[in-house]
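Next up, some structures in C-alpha cells.
Common to both upcoming complexes is subunit A, partnered first by subunit B, then by subunit C.
After this line comes the complex of A and B, so read on.
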C-alpha cells in the first residue's frame, strides 16, 4: 500500500533549485532509504515531508505531496497536525535540555493525548520501551536527558518521536554521530518500528541502507536517479550512475 | 641551513616572550590604576563613616522649657527647647561674652535643639535634672577631630575661630568628645550642613528609579527581542530596525535626558525631579542594552532544539515559550542586570530631568522628589565645605558596592543556570 506519494516536487533555495521533479511512492510499514552523495537533496526531500522547510525563509516547495491522499502542500494543511502524524529524528541527537520524562511527555502534553498523570506515565513507559531505552533509564527518568550517552540520546529522540504515535517517522542520518554498537542498536530498533510506522531514512552508509531498508531511492544533484526495491538497486541497478555510486566509484 | 632554522626559531620564541610581556604590563597598569583609585577613595572616604559628638551637660529646667513639673506627651512635644539648648552650650564657658556665646552655639549642628528634645521624649523623668547629652559636632570640628582640618592656617582664613578651637581642645582633654559610627549618613536625607547630610534620599531615589526602569525596560526589551529573533521576517525593514537598535545603544545618555525633559516633563507633565521620570528616562537608555543581550542569548540557543520542538508538532509560539526563551533566560537576565547597573551609574539624564534638585526628604514612592546616588556625588562634589569631601568618597563607595553586588548577581545567575544543562 502506498502511504506517501510525491508528484513533481521542485524545491528552490532562493533562486537556486535544489530538487528537480521528484516523484516517489513510499510504501506503508516499510523502510525506505534515501541515499546519494552529500548535497544531492535527499535531506531536503525528507524535510518536505513534514514541511520542516517552512522554517527556512528562502525555501520554496512546489508540487504535490500526498499523504493518505491528502496534499500536505495545500493551504488547508495544518502543519501542527501534520507534524503530529509525521515524526522526525535528526542527524545529531537533540534531546530537550529537560528531564528524560519531560522529553518524552512533551509531545503528548502539547497535543493533549493524556488525561491523567497515570496515562502520561504509561505513554512515557511504552515509548521508552519501544525505543529499547526503558531498562537503561527507568530509575532516572527525572534526570536531564542531556546526561545520556550519544546512542542513548538518539534512542531518547526516537522515543520522543514515537510518543505521539505518528504514522510516519522521518530519520535524517540518525546514526551518523554514533559508534558502531549504538548504530547496530538503532538499526535493530528501526526494524522493530516498521511494524507500526512507515519509516523513511536518509543515510550516507550504503551498508546501512542495504541492511535496514526494503526500498531505496538514489538521489544525485537534485534528481531522483532511480528508485525501487533495495535488492534491485543494490544488485541490479538500471542506471549506470547508481551502479557507480553503489560500487563506490564516486560519492 | 640548520643554523638559520635555529635562529628563526629563537626569533619566534623571543617574539612570543615580548608579546607576553606587553600583555602582562598592560594588566599590571590596569591593576595599578584601579588600586590607586580604590585606595584614594577609601583613604578619603572611610572617615565619613565616623561622626564626632560633643558630650554636653544639659539642665532640663522645666521653667525654661515653659512647661509644668508633670507635663503630658503633647506638652513635651510643644515645649521650647531652644533656650536650654543655648544655655547648655553657653555654660561650657562661664565667662563668655555674647559673641563668644554665639560661637559656642555654632560648635554643634543646628539639630542640637532636636537632639535635646529626643533625649527628654525618651525619658520624661529627666525634668529638673541635668544629664550629659550627645550633640552632633559641627562639620568643621568634626574635621578637626578627624585631623583633616588645617589648624595652622591664620584665623581669618579658617571657619573655626581660635576661641572655638580652645574650648574644643578643653573638651577633648576632658574626654567629652567622642567618635561613633555615623548611622545618620545612611538614615538622613541630604542637608546643606555636611554633618547632617546623608544618602537616604538618594539611595531610595536610586532604588525607585531602577525599579521603574526594570519594570518598563525588561518586558518591552524581552518582547522586542523575542519578536525580532523568532518571529519577524528577515527583510530590509527588520534590518533597519536592528541597525537602529544598535545605534540607540550608542546614543550619549544626555540625549535621553533631553528626551525625558522635552517629552515626559513638557508634554506629559509628569512630576519633576521624581524617580518615576528618572526611571522612564533610564529605561529608554537600558532598552537597547537588554534587547541586544536578549537577542544574543536567543541566538545562542542551538537551532536543533527549535527543530526538535517544531518536528514534535509544537507551534512557533510553543517552541519559543517552552524551549527557546527559558534557555535564553540566564543570558537575558545577566544582560538586564548589567544594563541596570549602567543605568544606576547614570548622572547626566537625571540632572536634565531635575533630579539634581536639593531634596531633604526621604521619598516614600517613585512619585516623590528624590536625588540618586551618582547625582548626590555630583551635588556634594560641588559643595565648598570641607565636610563634603569625605562624603563624596563615601557615597562613591556605597555606589560601587551596589554595582559590585549587582554584577556579582549577574555572574551567579549566568553560571548557576548555564551549568545545569550543559
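After this line comes the complex of A and C, so read on.
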C-alpha cells in the first residue's frame, strides 16, 4: 500500500533549484532508502516530507506531497499535527540538554498525549524499549541525555521520535556519525521498527541501503534518476548512471 | 638629552634588525642552511641591541636622582640637620640650579647648586657613554653568534614569551596593588570606626566628620552614628534592583527576538542600534535621568496625588536599567544564537512550535550564559556612579520607597572625595572602606556567575 505519494516536487533555495520534478511513491511499513552522491538533494527531499524546509527562510517547495491522500503542502495542513505523524532522526545525534526521561517525554508533553505521570512513564518505557535502549538506561533515566555514548544518543533520538507513535519515520543518515557496532544496532532496530512505521532513510552507504531497505531511490544532481525495489536497483538497474554509482565508478 | 638617547636606541634597534637579516642572507648565499628564517636573525640582533640598553637606561633613570641627592647632601651630613631640613635644602638647591629660586641665596646653597649641576652633567654624559658601550658590546656578542649561524629562533620566541608574560604580570600586579591599597586604608578606617558601627549602623552622615578642627585629636566617640553604611548599601541594592527590573525583561525579550524571530535584515540593523545604547556615556544617561525622567515622574506623580521627589530612586534606577538593556540583550542574543541549530531542528521535528522550542529547548540550553549576562548587568548596576550621583540625590535615606531619593555606595564615594580632602582623615578613609565593600560585592557576584556557568556548561553538548 502506498503511504506517501510525491508528485512533481520542485525545491528552490532562493533562485537555485535543488530538486527537479521528483515523483516518488513510498510503500507503507517498508524501508525506503534514498541514495546518491553528496549534494544531490536526497536530504532536501526528505525534509520536504515533514515540512522541515519551512525553517529555512529562502527555501521554496512546489508540487504535491500526499500523505494518506492529503496534500501536506496545502495551506490547510497543520504542521504541528503533520510532524506528530512524521518523526525524524538526524545525522548527528541531537538529544536535548535535558534528562533521558525529559528527552523522551518531550513529544508526548507538547502534544498532550499523557493524562497522568503514570501514563507518561509508560510511554517513556515503551519508547525506550522499542528503541532497544531501555535495558542500558533504565537506572539512570534522570541523568542528562548528553552523557550517553554516540550510538546510545542516536537510539535515544529514535526513542524520542517514536514516543509520539508517528506513522512515518524519516532518517537523515542516522549512522554516519557512529561506529560499526552502533551502526549494526541501529540497522537491526530499523528492521524492527518497520513493522509499525514506514521508514525513509537517507544514506551514503550503499551497503547499508542494500541491508536495510526494500525500496531504493537514486538521486543525482537534483533529479530522481531511478527508483524501485532494492533488489532490482542493486542487481539490475535500468539507468547506466545508477549502475555507475552503485559499482562505485563515481560519487 | 634623554629623548635623544632614547630615539637613538630605537633607531639602532631598527638598523640592527636590517643588519641581522642581511647577515642571514649572506650566510644563505654561501649555500649554508640557515637555522631559522632570515627575519629571526634580524629580531635576534635587534633585541640584543635594544634590550640591555633600555634596562641600563631605566635603571639609571630610577637611581640617578637618589645618588645625586645623596652626594649633594653629603656636605651637610654631620651638621645635625633633621631629615625635613635636609630635604628643604635639597629643594632649594635644585630650584637655584634651575634659576627659579627667589629666597635668600647663601654661599652654602650656591656651592651645592654648582655641585648639583656638575654632578648632573657627569651623570648625563656617563649615562650616554655606558649605554653606548653596552650596545656595542651586546651587538658584537649577538653578531658573533649569528655569524656562526647558531640558533636564533628559540631565543626570539623565548623573548616574546617573556614580553607577553610581563604584560600580563603588569595587569595582575596593578590589580593586586589596588586591592592592597584598599585593604590598608580600610584597616586604618576600621581602627577609628568600629566594624560593627559601619556594617550595622543606620545613619550615614560623613560631612559631620569634616566639621572637626584638624588641630584637635581624633575622638572616635564623636563618629558614632556617622558612618553607618546600612542606608547606602540598601540604596545601592534597591536602585540596582529597580534597574534590573527594567533591564532583565526588556533585555532578555529583545535578545530572544533578535536571535530567534528577527529576519537577517532586521537583525543586521537592530543589533548595532541596540549596541549604540551601550556606547552612550553614562554622564549623558545621568542628565537624561536628572533633567528629563526625574521631573517627568514628579509631575506624573503629583497629577496622581503622589508625593514624588525630583531625585527619585525610580528615575535613577529606571534610566540605569535602560543603560544595562544592551548588555543583557546583546549577550543573551549571542548565547541564544550559539545554541546549535540541531537542537532546534530536533524540537521542530517533534512538532513543537517556535515558542515551545524556545521555552523548552533553546532557553534552558542557553540559561547559563543568560544568567552570566544578568549577573554582569547586576555588577554594572551596583558599580554605576554617574547616573546615581546626578539623578538620585546624595542624602543617604534609609527607604524602600522608589519615589523618594536615596543614595548609593558609588555616589557617596564621589561625595566624599570631591573637593578638599585630608588623607588619614576618617572621612577620606571611609571612601576606601566603601570601595572595598563594593569590590567584595562585585567579586562575589563574579564568582557566583562563573560557578553557575561552569556547573551548567557540561550539560550542553
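Here is the rule we use: the second predicted complex is superposed on the first by the 251 of 251 C-alpha atoms of A that agree within 3 Å, B and C clash if a C-alpha of one lies under 4 Å from a C-alpha of the other, contacts with A are read in each partner's own complex, and residues count from 1 in each chain.
Keep this in mind: contacts are C-beta pairs under 8 Å (C-beta built on N, C-alpha and C of every residue); 3 or more make two chains touch, one makes a residue touch a chain.
Quantities reported herein were computed from a predicted structural model and do not represent experimental measurements.
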| item | value |
| --- | --- |
| Subunit A as common anchor, with subunit B and subunit C clashing or fitting | clash |
| Contacts of A:142 with subunit B and subunit C, given as first, second, both or neither | neither |
| Touched partner set for A:96, first subunit B, second subunit C, both or neither | both |
| Partner chain(s) touched by A:249 [first = subunit B, second = subunit C, both, neither] | neither |
| Subunit B versus subunit C as contact partner of A:62, first or second or both or neither | neither |
| Contacts of A:157 with subunit B and subunit C, given as first, second, both or neither | both |
| First (subunit B), second (subunit C), both or neither touched by A:235 | neither |
| Clashing subunit B stretch [against subunit C; choices 25-33, 79-87 or 115-123] | 25-33 |
| Where subunit A meets both subunit C and subunit B, residue numbers | 50, 52, 55, 57, 80-84, 87-88, 90, 92, 94-97, 106-107, 110-111, 144, 146, 157, 160-161, 164 |
| Subunit B partner contacts - residues on subunit A that touch it in the complex | 50, 52, 55, 57, 80-84, 87-88, 90, 92, 94-97, 106-107, 110-111, 144, 146, 157, 160-161, 164 |
| Residues of subunit C touching subunit A in the complex | 263-264, 340, 342-353, 356, 360-361, 364-365, 458-461 |
| Residues of subunit A defined as touching subunit C within the complex | 50, 52, 55, 57, 79-84, 87-88, 90, 92, 94-98, 106-107, 110-111, 144, 146, 157, 160-161, 164 |
| Of subunit B, residues touching subunit A in the complex | 233-234, 302, 304-315, 318, 322-323, 327, 420-422 |
